[in-house]
Structure formats: C-alpha cells, structure tokens
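My questions will all concern the structure given below.
Order of writing sets the chain letters: A, B, C and D. Residues in each chain are counted from 1.
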Amino acid sequence: MDAALKNATHELVLANRAMAAEGVIDDFGHVSTRHPLDQNCFLLSRSNSPINVTIDDIMEFTIDGDPVAQNGRRIFAERYIHAAIYKVRPEVNCVIHHHAKSVLPFTITDIPLRPLFHMAAVIGPEVPSWDSQNEFGDTNMLVDSMDMGKSLAATLGNHTCALLRRHGAVCVEETIAGACLVAVYLKENADLMRQALALSSNLSGLTQGEIRKSRAMQLTELPLERAWKYWKTKAGFRGI
Amino acid sequence: MDAALKNATHELVLANRAMAAEGVIDDFGHVSTRHPLDQNCFLLSRSNSPINVTIDDIMEFTIDGDPVAQNGRRIFAERYIHAAIYKVRPEVNCVIHHHAKSVLPFTITDIPLRPLFHMAAVIGPEVPSWDSQNEFGDTNMLVDSMDMGKSLAATLGNHTCALLRRHGAVCVEETIAGACLVAVYLKENADLMRQALALSSNLSGLTQGEIRKSRAMQLTELPLERAWKYWKTKAGFRGI
Amino acid sequence: MDAALKNATHELVLANRAMAAEGVIDDFGHVSTRHPLDQNCFLLSRSNSPINVTIDDIMEFTIDGDPVAQNGRRIFAERYIHAAIYKVRPEVNCVIHHHAKSVLPFTITDIPLRPLFHMAAVIGPEVPSWDSQNEFGDTNMLVDSMDMGKSLAATLGNHTCALLRRHGAVCVEETIAGACLVAVYLKENADLMRQALALSSNLSGLTQGEIRKSRAMQLTELPLERAWKYWKTKAGFRGI
Amino acid sequence: MDAALKNATHELVLANRAMAAEGVIDDFGHVSTRHPLDQNCFLLSRSNSPINVTIDDIMEFTIDGDPVAQNGRRIFAERYIHAAIYKVRPEVNCVIHHHAKSVLPFTITDIPLRPLFHMAAVIGPEVPSWDSQNEFGDTNMLVDSMDMGKSLAATLGNHTCALLRRHGAVCVEETIAGACLVAVYLKENADLMRQALALSSNLSGLTQGEIRKSRAMQLTELPLERAWKYWKTKAGFRGI
C-alpha cells in the first residue's frame, strides 16, 4: 500500500477510537477522511461502531457516495453526509458525524451555540442548524441520499460544524486531528453552555477577535500533536 | 442443549452484561427472553445482578412465573413482570426491568416522556405510567405477584415501554437486541429531556411521522447488529 | 484469629472498597464495624483512603475512640463519630462517614432529603441535619472529640442517616451490607432529588407506608446478598 | 542526580498523572514545581499532556521562563504563568494551570466562587478573576509572555487560586501535594456550587473562621499524605 494511504488509514482508525474514547460517538456515528491520492474519493469504515473500527474495515468511496468495491460488506446509509461535504469543500479532509449527548439539547431548543471559552474557539464563531423537515418532511431522520447530503452541506456552508435538528452534528476540518479537536470542543462547549445558562442568563463568551486568534493558534502543529497523543493514550491505542 | 436454546441463553447473558455496561441496570433489575422452543416459558437468571450473570444462572420459568426446576436457587420476586407481559404480548420476546437513573425523575414528576431525537424514536410515541398505589395501596413496591404483573401489563398495553411510579421502567421488544436498544435510548432520551428542559420549556421533538419511520428503521438488522457488537465491546464480553 | 473476627475484618475491607467503587467515599471518609466479640470495641482502618484499605490496616478501638494498640500508626481524627454512635445505638454494627458529592448540596441548602423511589426507602423517612456551629462555633469542621461525636449522635437519634452541615453525612445500620446499601441509596436519592426538582417543584415521593414496607424488605438477606456480590464485582475485589 | 531533585521530579510526574486521573487536566494544562536546589529555577514538562508526562519530559526553566537547555524540545507557550508566579510568591513551590470543566462556568458568569464545604476551605476565602482583555485586548487567550504572566500574578496576589476569564484557573501552594489538593477541591467546590444554586439561591457556606481553621488543618501532613496515596492509586501509578 502507498505510504500516504497507509498513513491516512492508520490515522482514520485512531480518529474513530479517539471519538469513542472521548464520548463523542457511541454506537452510531462515523469519521471519514479524503483519499490522500484522489481528491474525488474518501475513506470510511464499513458499518461498524467507531470503538470497533480496525484497519480492515476501511473502504474507499467515490465522491458520490458509492463504494469503490463493496465486496458484500454492509455500509453506512449516511455516507452521503461525507460525500456531499467533500464535494463542495475542497479544503476539508475530514468529516465527523456524531450524536454527542451534550450537543443534543441544542438540536431541540432555539438557543444558538457559540464558543464560550478559549479551547472552544476552534468550533468557529457560529454553528448553523439544519432541519431535514424543511425540504424532506417526515423521514427516518437518516441523511441517506445525495440530495439530503447536499442540503446539509449547503447549511454547513463555510462553517466548521453544523447541528442536525433532533439528530446530532457534523464537524469538518482540513486535517483529521483538527476535525477531532472541533468535535471534542463542540461537545465540551455545549456542556459548558448548558451549565453556565443554569447559573446565569448573562454569559460573557469570547469576542470575535479572540475566536479568530485562538482558532488560528489551535489548528497549528503544537497543540494538535499534543491532543493527538493524548487521545491515543485515552483510547488505549497501541497500533491497529 | 438445543442450538436455538443455547443461542438464546448466550444472547440473554450478553444482554445482562450490556445493560450493566450501559448503566441501565445496577445492582437491581433483570432481563428475560421467551423460551425459543416453548411460547409458554421464559428464561431469566436466578437472583443475581446483571453484571454477574453467567450461563449457569439462567433458569426456565413458566408463563405463570413458576420456576420449572428451582433446585434450591434464589429467584427474583419480580419475575411476574416478565410472566404477565409474555402472557398478553405474544410478539414480545424480551423484557427488561430497570431503575435507570435518568428515567427516575420522570417517575416522580408529571412530565410525560416523549422521544426527542432520532435514536429515541425506538421507544415509541408514548410512555405510559403505572402506579402500584392505584390498585394495591401501600406495598414494598415490588411487582411480586401475578396480579401486580397483570396490572402493569395492562398499563403497558401495546407500548414499547412503561414507567413504574417511584420505581423504574419496563422495556419490551420482539428481539433481545431490540429491547436493549429501547432500554438504552429510553435512558438517553430521559437525560436529554431533563437537560433540554433546563434550557427551555419549548422543546421541538420528533413528529409522529418521524417517530414511526425512524423506529421502523432502527429495529432492522443493520443498526441492531452494529449496536449489539458495540455493547459486546463495552461489556468486555468474551464469551460466557 | 477468631473466625468471627476474621470474617468481620474481611467484610470491613470489602465495605471500604465498595464505598470507593460506588463513588460514596473518595480520599476522605471511613467505614467501621463493631467488634464481633466485644460490644465495647469497634474495628476501623488506620489513616488511609477506603480505596487503599487492606486487612493489615484494620485496628481495634475502644468505644471511647482510643486505639487498643496504636503501635505508631496514624489514626483518623474523626474516629469519635464511630465511637459515639456505637455507644448510644447498641443495635448498630456499622457506621459510614462520607462526603458523597450528590449529598453535599443538601448540606448547604434547607431542602429536606426524603426517599423518593423504592430503593431509597432504606434511608428511612427522615434525614436530620447536624451543624457543628450550634454547639462548637468555628472549628476545623472535623468531628475530632467525643463531645462532638456525642452531639452528632444525639442529632442522629434513631435515624439511619444524618447530614453534617457543610461537611457530609453519616450512615448506620445493623449489618455492614445494610449500612453500605443506605450509603449508596442516600447518594442516589440525593442525585434524583436534585434532578427532579429541576424539572418540577411538585415531587411525588414514597408514602410512609411504602417507606416502611420497602425498607423492611430491602434489609433482608436476598437483596443484601445480591448487592454485596455486585459491589464486590464493581470493586474488582478478589480477596484482600 | 541529586536526591532532592530526583524526588521533586518524581513527585512532579505523579502530580501530572494525578491531575489527569482526577479530571482536573485533560489534553491541555500543566503542573510545575520550583527547583529544590535553585529558588530561581522551576521544573516543568516539555509540551505534553499530563496523562503522558514521564520523568524524561521534565525540563528546567529559569524564573524568566526560559528553558535552561531546550535541546530541540517543544515547550509550553504558557510557561510564563509559572515563571511570573514563582517570581512574586517566594513561598510557593507548585503551580497548576488547568481548565477543569466544573470551574469554567464561573469564568463566563459573574458569580463569585467561595468555599462551601469543609474540604473546599483549602481554596481559601476568595478566588479572584483575571481577564486578559483588560490589559491585552483580543489575544489567542494564551498567557504566552512575561507581561501577561505578571498581570495574572498581580491578580492572584496572595490568594491560593485565581480564575482566568473564558479560559480556566491557576492554583498554587507551598507543596506539590498541597497544590493538587487545591486544584481538586476548587473543581469539586465549583460543581457543588453549581448544583446547589440550582436548588436554592440561599447557600450557607463556611464561615471565615471555619475556612481559616479547616484550611490550616488540611495542609498538614496527615491529610496530604492520605490524599497523595489516594491519587497514586487512582492514577494507577507504579513508579515513573
């Protein structure tokens, strides 16, 4: 296997385990990365919970969401979330879809999530909300077609994450470690916002300048390397 | 042992461990499955906490709640919950009784539980509430007679789960994995509802159509298989 | 060593580990049992956190709180809690002092704790509150004299547990397993009460009859044996 | 290596692991100790999460925040927090900077933290708050210069801990174990305060006399030794 592909696959497996260890993804949810050698392909596990994903589960999908070689394996109905985002966001190389518990209250209330402490700056200044009802009416809530994926990607726009009403969230970034950092701190920030709102309706969050400067710093090599090593330890990760 | 019985016993032990690992059942609570070869029998552990249940603990009970062969073993006083439900719900093959912490607040307040996010659709549109006081007055709170079991089963009706006031809940489904999914997401949904109500009194939950369609999808093989494998990992389950 | 003493010592070590595993006691707090052969003596660890207590830590104390043979070991300043209670409650054979997190809010507010669900009946109908300020003014908050122990024991009266204002709680019962059950469900019930009060100010707890009947049942051999085995597993207890 | 230096290094590694095990520090945050042989130096890990810190990570820094011998290693941008505090607080021998989750709500609301139960007396009667905006305007929120460190140290004054608005906290003490105790109970007390305020706006915390007396007792050898051994067990610490 090509070294870049091998490395991307290895990192993707760790990202799956890290999202499980950090409590971002439980039984349902998935992490993908763009194919390092083919901008029109992405890597994603076959149907499996992130805690269980191994290198042998990783499959290649076209940017339309089709498996390159299915070989009888079960695949995620929601792979279109990944396909549609990779299509319109050429700089994005990792997509995480999850139902983190602390985020869910914000998908059923009208309180806008915004970054309240420095590490949460990485989620960006605004978190848009997508509601499948608007275009698709009553569904089984899965983003299981390219049309739904495109609609979600349109709501995401140039943001780093978006909420799915009554469902969960999607987080994207240029690197796998970056997307993991966004997912972890979206979750932490949601918890903080809920707890702080119980204390006071008057929260003093980050300024726009603080968000911009903190976010730029957080996505540099030094903090990402440290976080990556931390998740590896928490996930008890000793290779694939 | 017959292969179907062996398999059902094996699955029942895993379901016990899964409910422990997921924090649905602590020291008290139990999981049963209908006997795969005899519609008028069910399998249930002798008196033991789910975290400790092994294949040797599994006993057979008649649909009246009597042990087929007690052999001096201690048995659950509340086996009548299972018996009474199997009697009136022929399609049900698994019953779980538990006191999940997040569910308890809804057994002492008048706020009706309803599914608020897609995975919780599996609990169904409504969760009825049974109060032992109504027919039985002051008791030790255990459902320890066939009369009490029948009363509870009547309140459960055709629903997937019911609350027991000041006590806990009961969850039922056609398959063991299905009932486990109901129990896990009843718990998750209760936590979500409590957290969301602290943020806003105006929650936008699933529509009736979304509940129906999501629930139908969740009880199919693909998601159940994935969840089952996930619980196995979380429970550290390596055979019985 | 006498078999009864050996057994009591063994059980006391497990009770220490169980209280640690259940999150009742962290670094500070202690569990004692009355000496099985001498009504005027009790067994208590030397200064050590319950998670670390082994059989070699167990010391004998007189009912006045003096070590029978100190041999240079460091001892708990608060041993008088145990001494004073054993003195006035001849039927009590186990005393647990702890600062369980969920209980603390009720030691700094005026909301009376009462049992809200069936398992919590074991704490009894009422939980009195003791404030060291009333008789002793500003102190270092430790119950470190016989006078303070007696004052606390007087507030405890015939109850099963009492709160210490701005400090923690004390739980007592006839058996070690019984006292552990009280401690675990005082903690669970406090968590439930806090969560339920956030949902509604109108809670429907157990009736007096339900408390009396449930409590009597919970302190019988069947449930205590099951809980004891459960704690053993949770504490990873494989002998001393 | 000198015995005192070896011992300080060893204790510093354990303090890192303890802060990780206690949930005080996750991926980001750090612990330092003053050099036992040189009042103008301190010991701090190279860039690494506390859960991963080993003896080989420990580096020496001058009291101006410069590494004595960097040897190509990556270092914490926020080492100036430590340097600036050691400069103006000669009695302080340990500094901990963290973003403990329960503390964060108090960095974005105006509710003053104060010790509410006996173990929390160790944090002292008041917790001042430092806001980087006041002197430095929009930044990336890191305390990454000696000027910022000095400003923070000025707000800390003679206190035991201080909050960093929209960021986290800093805790200091004469000994490593003492600073760990402050960090753990700052976190516990914040959790308690949030939970208690949800129950009642009228909290009865410790008196000034109780704070002074309890704090003096908590920083003596007996409780610190017990806590230290407890953290060692929780961190699964078996040497470095």
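Note that a contact is a pair of C-beta atoms (placed from the backbone, for glycine too) under 8 Å apart; a residue touches a chain by one contact, two chains touch by 3 or more.
As the structure is a computational prediction, the values presented were derived from the model and not from experiment.
Because chain B and chain C share one sequence, their contact can be compared position by position; here under half of the interface residue numbers appear on both sides.
Centre-to-centre separation of chain B and chain D, using mean CA positions: 46 Å. Inter-chain centre distance (chain A to chain B, centres taken as mean C-alpha positions): 32 Å. Within chain B, the positions touching two or more other chains are listed as 198.
Arrangement of the chains shown, judged by which pairs touch: one closed cycle in which each chain has exactly two touching partners. Looking at the complex, you find that chain B touches chain A at residues 116-119, 121, 188, 191-192, 195-196, 198-200, 202-207, 209-210, 212-214, 216-217, 222-223, 225-227, 229-231, 233-234. Residues of chain D that touch chain A in their complex: 26-28, 47-49, 51-52, 74, 77, 99, 101-102, 104-111, 133, 137-142, 165-168, 194, 197-198.
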